[in-house]
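Once you scroll down, you'll see the structures, which are given as structure tokens.
In what follows, chain A forms one complex with chain B and a second complex with chain C.
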Partner chain A sequence: MKHIISVLVENKFGVLARVSGLFSARGFNISSLAVGETEDPAISRMTIIVKGDDKILEQVKKQLNKLIDVIIVKDYIEKEHIDRELILFKVNINKQNRDKVIKIVEESPAHALKIRTDSIIVEIVEGQDEIDKLLNALKRFEIKEMVRTGRIAMEL
Partner chain B sequence: MRLKGANILVESLKKEGVEIIFGYPGGVLLPIFDVLYRKPIRFMLTRHEQGAAHAADGYARATGKVGVCLATSGPGATNLVTGIATAYMDSVPMVAITGQVKTNLIGSDAFQEADITGITRPITKHNYLVKDVNELAGIVKEAFHIANSGRPGPVLIDLPVDVTLAEAEFDYPIHPDIRSYKPTYEGHLGQIKKAAKAIKDSHKPLIYAGGGIIISGAEKELFKFAKKYRIPVTTTLLGLGGFPETDPLSLKMLGMHGTVYANHAIMESDLIIAIGSRFDDRVTGKLDEFSPHAKIIHIDIDPSSISKNVYVDIPIVGDAKNIMKKLNEIVKGPDTSKWLAQIDEWKRKGPLRYDDNSGIIKPQYVVEQIYEATKGDAIIATEVGQNQMWAAQFYKYTKPRSFLSSGGLGTMGYGLPAAIGAQVAKPEKIVFDIAGDGSIQMNIQELATAVTNRLPINIAVLNNSCLGMVRQWQELFYGKRYSHTCFNKMCPDFVKIAQAYGAVGIRVTKKEEVRPAIKKAIATKNTVILDFIVENEENVFPMVPAGEAINRMIGGMA
Partner chain C sequence: MKHIISVLVENKFGVLARVSGLFSARGFNISSLAVGETEDPAISRMTIIVKGDDKILEQVKKQLNKLIDVIIVKDYIEKEHIDRELILFKVNINKQNRDKVIKIVEESPAHALKIRTDSIIVEIVEGQDEIDKLLNALKRFEIKEMVRTGRIAMEL
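Here is the complex of A and B:
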């Protein structure tokens, strides 16, 4: 199961390495990781998306709590939450498919940020379902590049 | 008062009540050693940084105070790593201070540079790289607080040389300021009540006590609890000394080389009261078959220990001493007379024993004689392997902080430097290092430290000319293919080694010489190596093969 682990930490150097080390030491691959300051600049929030055995993840969460610089650990999978991710795509286009691609983008929650003759840059900020829908729709075209911020989440 | 970083460090250590630093100098430490020149704090020069870390560890285990070690950047720091990991696994309070290259050279592959905070991240409770001299005093305060509160552990402070030379106002904080670190000391009352009810309802309760008893200083509360409710007690390796093994309620150690009766008891029990122990694989054996009938109460200060390996029915997070005090007030005892009779029967049928008919000295006999000669009042440090297990089995521990051994990491070479730390802390005590001929060679250079400082440590080498524990596994599970475990007379002459270092060496080859040699060593004011030439192929029994259920023992029941 995919877990959304939200960790409030002291905004200090070395904290990211301590946190990520607990996952890597157990052979877990982090699917995504987003870090940024909170409303209090002395505190940062890390949102970690990770797949793994529930029992081992339970242990990781306890270990995270033990880190001196960690203030709070929450797993949003157990809580009502919303989550969002920003993705940028660069899709190769030509005269034949240009309009089709633009139509798909316009009918989705995404935006076209730059349209050139040979490519289009698309931005989407959405939950995972909408993002997957768009990715599926664009699959038959040539996605040249994709950049994802990783999911961030907030408890309701 | 404006001071240089080096002075701030030393003044801060004095404020923390540090009596002694174990360490080794080096280039980037020169400003600190220049301050130590005037002896503001006692400094003990070891002959290897690993020795310094283990000595600080031995000091800490013998006293409960924070052990301090100091090493230079690069190789000095990396040499501490095994010692820090040893302390981490066994929850030993330690502050390790390492020199670092100048701040502006960090990350440039400078001479003797190593990223020691990166290297030690998974083996320290916390670590610091000090980049600003103004933060130094606060960091030292935090480091000592973290090292010796909650579940104790090592904390490393990496100190660049330019920070030790820079000046700042020295004002030592009274309280550490860490909002994200608040260990739980008081147990949850609801949970304690649940535990009390489970104890009252049980028929075959068993206390399984670990190193947490000793760390928390809960031995008196444990003793009162066990005696009042007549509940038998087995301890882990690190719990030895937490409950007197001379008491009829003691089942001695459990686990892979535990007693037959302790392992039967834990499998038959209907209520395990785990206190400051962590269900290590050497204790549980095969997890699926561990203690099938028992409810489990687990008292531990570290929430991540709860339900880590074994599902716990009633967890109580907090300090063992506090919680035992409460339990002593509210528990109404179960009737354990049938259970105790059953245990007595197991004790009668399967006592710890060894075959002592041959003329060759048995290692178990040596340990028994050390016990007889010291009346159980010595501090016993051990190396790792057969020597460690015999020291655990055949000496009767009655007092906390009298057994120093690397349990979690299993570090060969731990015993001699740990004995040095313990002897420094307790000059009035008789200190033994029970060693093997393999382990003792891993930090034998520390003989120089012991002799120079006139420490009357007694090193009992159980010399079987091989790496006995691995050889034992090869004998039992690898068709006696003794791959690289037998020294074939390539052991050095330990008597001559002792003499070369200025210590006393005594070789013992006959059984009747064992006791007089031990007596002579204790009476000698110098460091002594007792080279006991023991049976080569003696095995540690009982033994649970790795991965087997804990009551499937080899060589136990008569």
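Here is the complex of A and C:
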């Protein structure tokens, strides 16, 4: 099962490497990670998406809690939450498929940030289901570049 | 000067810790970091915001390029690019200030994801100037929680 782990940490050198090192030492690959400042600039939040054995993950969470620069560890899977991600796509277009691509974007929750004759930059901010739907629809065109923020979550 | 560094890496255990360790070893604090899959699931992109001495940063970029799992290092500061971030805020509200908070949100590029009697969850996706403007406007109310993805960028 995928877990959404939020780790509040002191905004200090090396904390990021220590926290992500803890996951990799236990064989967890982090599928996405978003790190940003919180309402208190001395504190950063890491939102980590990991998939793996739940028992080992419990151990990792305990170890995280023992790190001196870690303030709180939360697993959103256990809580009612919203879950959002921002993605930018650059899709190559040509005269033949341009209108088709624009129509797919317009009929989705995404929108175009920039339309050129040979490419379109699309932005989507959604939960994973809507993002996967758009990705699937755009797969038959040439996605030149995709940049994802990684998922973030907030308790309701 | 703030730099926006994009690092394409093999999606493997430990790469994240190695890359972020390289910055902290040189005394750079990463102010935001976004890691997600790319159009190729075997490859992840790390978008890193750092501020610090430009000469030392050049050395860090060279060292990154030498890491076996690093594919490309780009600095968006040198390129024409768009720069976006997703932020979720939870603002505490009450009968007295509720309409004021909603008005600020409606007049900004943000929107409300959830409005309750005692709190409102706001989502904004923008460049840093618009985000700072909204943050400043909401500062006089009680921001209970702020979750940021970290900035991502795309070449135009």
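Note that the second predicted complex is superposed on the first by the 156 of 156 C-alpha atoms of A that agree within 3 Å, B and C clash if a C-alpha of one lies under 4 Å from a C-alpha of the other, contacts with A are read in each partner's own complex, and residues count from 1 in each chain.
Convention: a residue touches a chain if its C-beta (ideal position, glycine included) is under 8 Å from a C-beta of that chain, and two chains touch if they have at least 3 such contacts.
Just so you know, these numbers come straight off a predicted model, no measurement behind them.
Contacts of A:Glu126 after superposition: neither chain B nor chain C is touched.
Judged by the number of chain A residues each one touches, C leads among chain B and chain C. By the touch criterion defined above, A:Ile68 reaches chain B but does not reach chain C.
In the overlay built on the shared chain, the residue A:Leu113 is in contact with chain C alone; chain B does not reach it.
In the superposition on chain A, contact of A:Ala17 is made with both chain B and chain C. Residue contacts after overlaying the shared chain place A:Gln59 against chain B, while chain C stays out of touching range.
With the contact threshold set out at the top, residues 13-14, 17-18, 21 of chain A are in contact with chain B in one structure and with chain C in the other.
Those residues of chain C lying in contact with chain A across their complex are 6, 11-14, 16-18, 20-21, 24, 27-39, 45, 47, 82, 84-88, 90, 113-114, 121, 123, 125, 143-150, 152-156.
Chain A meets chain B in the complex at residues 9-10, 13-14, 17-18, 21, 25, 58-59, 62-63, 65-71. Interface residues of chain B facing chain A in the complex, by the touch rule stated above, are 117-118, 121-122, 125-126, 129, 146, 178-181, 302-304, 307-308.
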